[in-house]
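Here it is: the structure, laid out below.
Per-chain numbering from 1; labels A, B, C and D assigned in written order.
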Amino acid sequence: METSAILILAIPLLMFLFLGLAGKYLPHKWAGILGTLGMGVTMVLAYTVAFEYFFSGNSLFIDADGNRLQHVVFNHDWLNFYDKLSIRLGFLLDPISAMMLVVITTISFMVHLYSNGYMRDHHGVWETGFQRFYAFLSLFSFSMLGLVVATNIFQMYIFWELVGASSYLLIGFYYTKPSAVSASKKAFIVTRFADLGFLIGILVLSFYVGFYSDGNITDAFTFTSLTSVPVDGVADTFQVSEGTAQVIRDLFQNSAAPMFMGASVLTWALVLIFMGGMGKSAMMPLHIWLPDAMEGPTPVSALIHAATMVVAGVYLVARLFPLYLMAPAALDIITVVGALTALYAAMVACAQIDIKRVLAFSTISQIAFMMVSLGVTRLDHSVALGHEVHEGLGYMASMFHLFTHAMFKALLFLGAGALIHAIGSNDYTAMHGLRKYMPITHITFLVGCLAIAGIIPFAGFFSKDEILTACFGHSTVWAIWMALVAGLTAFYMFRLYFLIFWWKEHKVHDEHHAPHDQPWTMTLPLVILAVVSVFAGFVPFGSLVTWNGHPITGSGFLTNLENLNWSVAAISLIIAIVGILIAMKMYKKENPLPEKMRNALPALWDWCHHRFYWDELYQFITHRIIFGLVCRPIAWFDRHIIDGTMDAFAAVTNKASYAIRGFQSGNVHMYVWIYLIGAVLLATVTMICVL
Amino acid sequence: MDYSQFLLMKQEVALLVVFLLVFLYDTFAPKKALNALSGITCVLFGIYTVACFCPCVTGASENVFNGMYETSPIIAMIKNVLNVGVLIVLIQSVNWANSDATAVRRGEFYELLLVTLFGMYLMISARHFLLFIIGLESASLPLAAMVAFDKNRYESHEASIKYILTAVFSSAIFLMGLSFVYGLTGSLYFSEIGAAIAAASSPMLICALAFVIAGVGFKLSLVPFHLWTADVYQGAPTPVTSYLSVISKGSAAFAFLVILVQCFSAVYAAAWEWMLYALIILTITIGNLFAIRQRNMKRFLAFSSVSQAGYIMLGIIAMNAMGLAAMVYYILVYVFSNLAAFGVIQAIENHTGKVDMDDYRGLSKTNPKLSFAMMLAMFSLAGIPPFAGFFSKFFIFTSAINQGSIAIYVLVLIALINTIISLYYYLLVVKAMYISDETPVIEKFKSSFTDRLGLTVTVAGIILLGIVSVVYNHILTLASHSSLF
Amino acid sequence: MELNALYYLIPSLIMFACGVYGFITRRNMIAMLISLELMLNSVDMNFVVFNRFLFPGQLDGMFFTLFAIAIAAAETALAIAIVVNVYRANNDIDVRDICKMKF
Amino acid sequence: MLFSNILIYFVLIPMLMLGGVALCRNIKQIRAVAVIGSTALIALSAYLIAEFLKAPVEDAVDGMYYYQSWHWFTAQNLNINLTVGVDGVSIAMLLLSSIILFTGSFASWTIAQPKAFFLWLILLSTGVFGFFISLDLFTMFMFYEVALIPMYLLIGVWGSGNKNYSAMKLTLMLMGGSAFLMLGLIGIYYHSSVDGHHTWNLLEIARNNAISTEWQYFLFPMTFVGFGVLGAMFPFHTWSPDGHASAPTAVSMLHAGVLMKLGGYGCFRVAMYLMPQAANDLAWIFLILTGISVVYGAFSACVQTDLKYINAYSSVSHCGLVLFAILMINTTAMTGAIMQMLSHGLMTALFFALIGMIYGRTHTRDITKMGGLMKIMPYLAVCYVIAGMASLGLPGLSGFVAEMTIFVGSFEQGMTDFLAGAGSLRLVFTVIACCSIVITAVYILRVVGKLLFGPVQDKHHLELTDATWWERLSTATLIVCVAAIGCFPNFFENLIRGTFDPELFRAIAMNLNF
């Protein structure tokens, strides 16, 4: 187990170093094969580890009552701050990390495989920097794996940063394109800003844990104890390690705990940590980097900006979920942010032309679903439209959606990549009617669309249904809101689908250069992911991944179907179908309806099309305010005031030198005068002072 | 009369012997043999200098002639320091003395120089104002003649007339002050004066003090009694300038300390502490401010020496052995540093006649060794380690702060800030030589043996005097045995 | 009328002041030298008077005066020699004309 | 015996190198001397680390190993000795200096007038090494100034741009700082005596702890500002941009990499170590100044267009963080400060090396006139990206561990103060300092984006070549070091932490008790 764990991290890292240093001297083909193979091995290892965790029944992983346990495979000191606090690097296995291992390695492997085809043109000429691309992919996989298996919040922060950096490198892969460069810069800086919140949150948390406990903060900071906080009324936590857990709990509930602006400092800490998650997961208002990040190669978008990295924020909140449970205010903030983002992104997605941007906004919207789902999770018993809601259902739903979304969104992105590769453009206006030319892409894309729209029995249906159920269990308002967003989702996805594959016949200028399906390296991942997208919904998540390891459903193949809350399911299905039908009506055949609607509400279109002018706002804040009103004045101040003062000392000295030169007039009379005055002054002043 | 007293005046007597030998040779040697005069003088003086290092006084201090004259190890030491300086001046002046314009009169130059040195000895050793005034005048009057030595240069005349007029005026003021002292105390012995004015200060005493300080301050070129300095240094022949700037100043500084400590220590806090503070600040600052603008190297060094005098004065403030040692050491280091600078100036002046800083541009490309010596001199004057100037500055500041009041911290801080200004103008020279990109004005030339010898000695001194701690340790030990305090 | 020290000292001081005044105002160098003599002589007078009236038992002041006179003579001789030199160079002994070196 | 102590070789080897270079006849010999000498120094410091890590505590005098003292100026209670001794921090600094000297030698492989250049450069490093091994205030100060003055000529003669002005400004400002410093040191000498026995020995002074509080209040600012000027503390940092911009490559490397560390080192080793009371009471003044430095430097760097100015301002920010952390007066933050010194030293040396190499090819440092260098000189560009990543604190490289340690330590101290009712100054400034990580990212990515990425701006640049082998060696060494610190931070922290043991460092103990 330990060997596998180490290898899961080590193989991608070594692959990065090897390809990064020696890649230049490798033939392109071998670099690709090597990278893919490496990732394949990692995937197999991850599968075995996950399988062992979930299904072996080993007492390390599951206790006698069927509760899943957290297991630290290894954990080594890396950096000692002081005797009580140090950063450890380790490998934590628990339901969500095992699940994430599977997701990441699967998608990553698909992307590795797919890129072998994608990263060369129709004549088989490799992209420049092909080896570098694989090196970066490996680096990203390493960072992401390190992030999900983090045993403590510091390790998470470390890999969090590494993920950000590798994302930066990958977005800016086409570094000669100014748009790619600025997109990568934007992504990094926005997430960095969010990380500032994360960092301060960690600092606050670490301080208070250390301040109130005599024990070792490092131990307390290991997730196993951070998340083993006993919550009132629920005893089924992973593993209660009394001392530190009690401290943390006291921190939250002790009325003497420090307050800041009306909320407990710990709530603040969690909100700040969530801010980090907002950055990575592109929640409003820190979402602006994600659409631009589509400047990167499409496989990268599939890997990073759809399936893995962007859900890191969700993962972070899930990781610390037992803590969040004790700060309902923080959860409420998460709900509100998530809900607003979901609607916003869905609206914007309806008015985009670039297919990758549509997918990007749909990603934002879907991640917001997961966030909302976490935000509405409470442990009190609640009822959703007449059916009892399992305790902690939202958490499970969120993770479930994370899992299914990763699959179908990767599928959609890879499909979009195939289209772009075939057409050479990101705009659907250049596509239209491609269904005949690219049948495999068409079918797989359709599967993806159905999945995301939430049509039974595709994967998205089950997970989204659970989310809505959780919402209904918490608050009807948010539930309806989210249901509407789900409808919008169906609409814009099918708008995209119809505009790409239907609308009107594709104009082909030259039969030889007609768009066609891509080579097997690209289609195989599509097919695999499509199959997964169809069946992933049946994975019995309730028995595998729950917030406290306690299974809430059975583990049969049809469990999900059996446990459906059919009232909710009906609502979501109806809404989704309505959405699809409207999209079909508007976009299946070329017709003037879209134009008419656009003209009916021009302002709405403009705002949606321009993404509610968020970018312009940021542009204003950064360029006008930060650069114009802070940086430039400071630079000016430095050059003119500070520097000027120093220069002034010199200038004054020089001036003084010239001013007094008259004393040295060359005239003996003057010399003697001054001599005399000096002597007399010396005498008189002393007399006045002394006598 | 006990003639053995003269044995204690070994240094003075030996100097007179050297003087006589030179004089006799100059008078009676055949004309052809006169060419050897410079060499003979250097060798004689060299032997004399080395001989003087043999300890002559073992005890703390010895009085001669009823206490009119005193000698002690530290006094012998300062004389030795002056001897070393004079020796270097002599070596460096050989070229100038043998040049066509001065060759006929070089004997007079050496004789005048040795006489002034004798006067300085007396100034240093005198413990009675009669002897002191004789020393003072014989140290300063012949100098006027030496300043006027370049008959063909107008500047030389102007410098000498300025020097003689101001010097006599200053000595008149000094004598006036002395007469007040005499009137107050009825004695001209330092020790008796010191005992007599132990009482409170009176206006007359303060006047006397101010006049005495002005008189000696003139020799030291303390501001505002310094105005002759620049003109005289610029106008005088360069060997005379270098002699004036180090030897004359060094002896005056020591004599100043002796007078203040022995005669007026009773009214230290009451009267002259503040005078000295004011003078030091003025001297350092004004000297620096004037030095910034100078383009003529000799005038530049004149102002630099004005500000150096201010630093030397810091050694007096502490009024203890440490200050005395720091001062003697400072003078020693100053002798080497300043003479290195003047050595380079002379070498260049003798070969090309150029003394302007602008002419030094790009010197490092044509004459790297000369520039190197000049640079070390500048660094040492500015107090940059590991050169000797750093150590001397550090010790003199340390000794001054020993006095302990907060005022002294302020004073030292001002002095330290002034070192920055001085660093600026010293670096200007370095910049001209090393950094300026313009084509060099001065051609490559090979300097004479004596120039090189002089520069080697000074550069070695600059490098070694600080790091080799024996020198300062020795001086400090001698100073601590002195009976001055 | 008893003659005390003040009767001598005050003229002496006036002499000194005259000397200083003359030195500072006269442009002719010879005249300046004469002024200098005045100053030096007033100092001599001071010494003599102090010796005579305050410390009659000793001769320090007297001897000092003797030496001072000799020194003054030497100074004057030297100064005049230099003035002659300057005259040769400048054809002029106006002190204000010798200020080529300044600042 | 003088030579029986290993530490003395840190001064001796550079002196031998000076002699060696002086005797050299051509550039090859000079290079050989420089490389051999600096390799020997690296070996020496590596040996020292190995010895240090296994040395028993009993060998140490007040935490100092290889402690030894030779008389120098000892007459009459002056007591100036040549006292040497090292603890973990000094060793780390020695290692840093030798690495940078080594890489600097390679970076100036083809310098004009090599002989004079290397003479001055080695003289400078003699000062640096001497400073770090000294435990005697006088010797320390002497070496400190030895290290300063060669800068003038190195910048003046081999510099570029407005070099006269910059060289003069740098020299005068640093010497101005050392004027305050000198006064402070002499004051310490006089006011630390016990029974009239004066001493310059750092350890004795600390042990006696005899400086009265009033005098500490006077002397602490003197020494702290004195060293702070070299540590580029606001508002005395203004020599740094101009100086760095004009200096030749190796000098920028050595100056930003090592000399600025002298400032930080001096601040804690002299000012705070010897005057704990004042350090605790007056920390707030300097905390404000250094806190301003951190963000001020970063903001200034955002709008510069000259590469060296950007990096110089970034140094102001990073070195500000060093002093800032030192002023937190707790073990963690101060350990972080030293880590930051190491990290900044290596990374900024790397930056300046790269800038020098780029400038040597393009003859401009204006980022608006360059672009797409990644295509033209990939090796240098990749190194630049790595340096940038280190600078903005990417985990795995040195910047992260240093900043993280600093932030954890300062935040802890800030909260402790806050909860103890001692004001929220430290807390507020910690949060402000944290903001610098974002601003750093902004200016680093701005440069990387404009300079390395994007289309090639100037067609002439297309003909330029990538790094030569010596340039590769120089940069690769630095990158390896940066990564080593970033990957194995505990090794270095263990080296450092002992110095800031509250039992040894009185100021920390006072801060704790408070």
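By definition in this document, contacts are C-beta pairs under 8 Å (C-beta built on N, C-alpha and C of every residue); 3 or more make two chains touch, one makes a residue touch a chain.
For clarity, every value in this text was computed on a predicted model and none was experimentally measured.
Q: In terms of Cα-based centroids, which chain occupies the most central position?
A: Per-chain C-alpha centroids compared to the overall one single out D.
Q: Measure off the straight-line distance from the CA centroid of chain B to the CA centroid of chain C, and report it in whole Å.
A: 27
Q: Taking each chain's centre as the mean of its CA atoms, how far is chain A from chain D in angstrom?
A: 37
Q: As a quick test, compute the distance in whole Å between the mean CA positions of chain A and chain B.
A: The answer is 78 Å.
Q: Once you find the CA centre of chain A and the CA centre of chain C, what distance in Å lies between them?
A: Chain centres of chain A and chain C, defined by C-alpha means, are spaced 97 Å apart.
Q: For chain C, jot down the residues that touch at least 2 other chains.
A: 23, 95, 98-103
Q: Indicate the residues of chain A shared as contacts by at least two other chains.
A: 650, 661, 664, 666, 668, 672, 676 - these are the residues of chain A that touch more than one other chain.
Q: What residues in chain B touch two or more of the other chains?
A: 161-162, 165, 169, 230-231, 293, 424
Q: Touching pairs of chains, which are they?
A: A-B, A-C, A-D, B-C, B-D
Q: Can you name the residues of chain A that touch chain C in the complex?
A: Residues 661, 664-669, 672-673, 676.
Q: Give every residue of chain B touching chain D within the complex, in rising order.
A: Residues 321-322, 325, 379, 384-386, 390, 394-395, 397-398, 401-402, 404, 409, 412-413, 416-417, 419-420, 423-424, 427, 430-431, 434-435, 469, 472-474, 476-477, 480 of chain B touch chain D in their complex.
Q: Quick one: which bits of chain B touch chain A in the complex? Just the residue numbers, please.
A: 161-162, 165-166, 169-170, 173, 201, 203, 206-207, 209-211, 213-214, 218, 223-225, 227-228, 230-231, 270-272, 274-275, 278-279, 286, 289-290, 292-293, 421, 424
Q: List the residues on chain A that touch chain D in their complex, please.
A: So the residues of chain A touching chain D come out as 77-82, 85, 87, 154, 158-159, 161-162, 165, 168, 172, 175-178, 180-182, 184-185, 188-189, 192-193, 195-196, 199-200, 203-204, 206-207, 210-211, 258, 626-627, 630-632, 634-635, 638, 642-643, 645-646, 650.
Q: Going by the contact rule at the top, pick out the chain D residues touching chain B in the complex.
A: 71-76, 78, 80, 138, 141-143, 145-146, 149, 152-153, 156-157, 163-164, 167-168, 171-172, 175-176, 179-180, 182-183, 186-187, 189-190, 218
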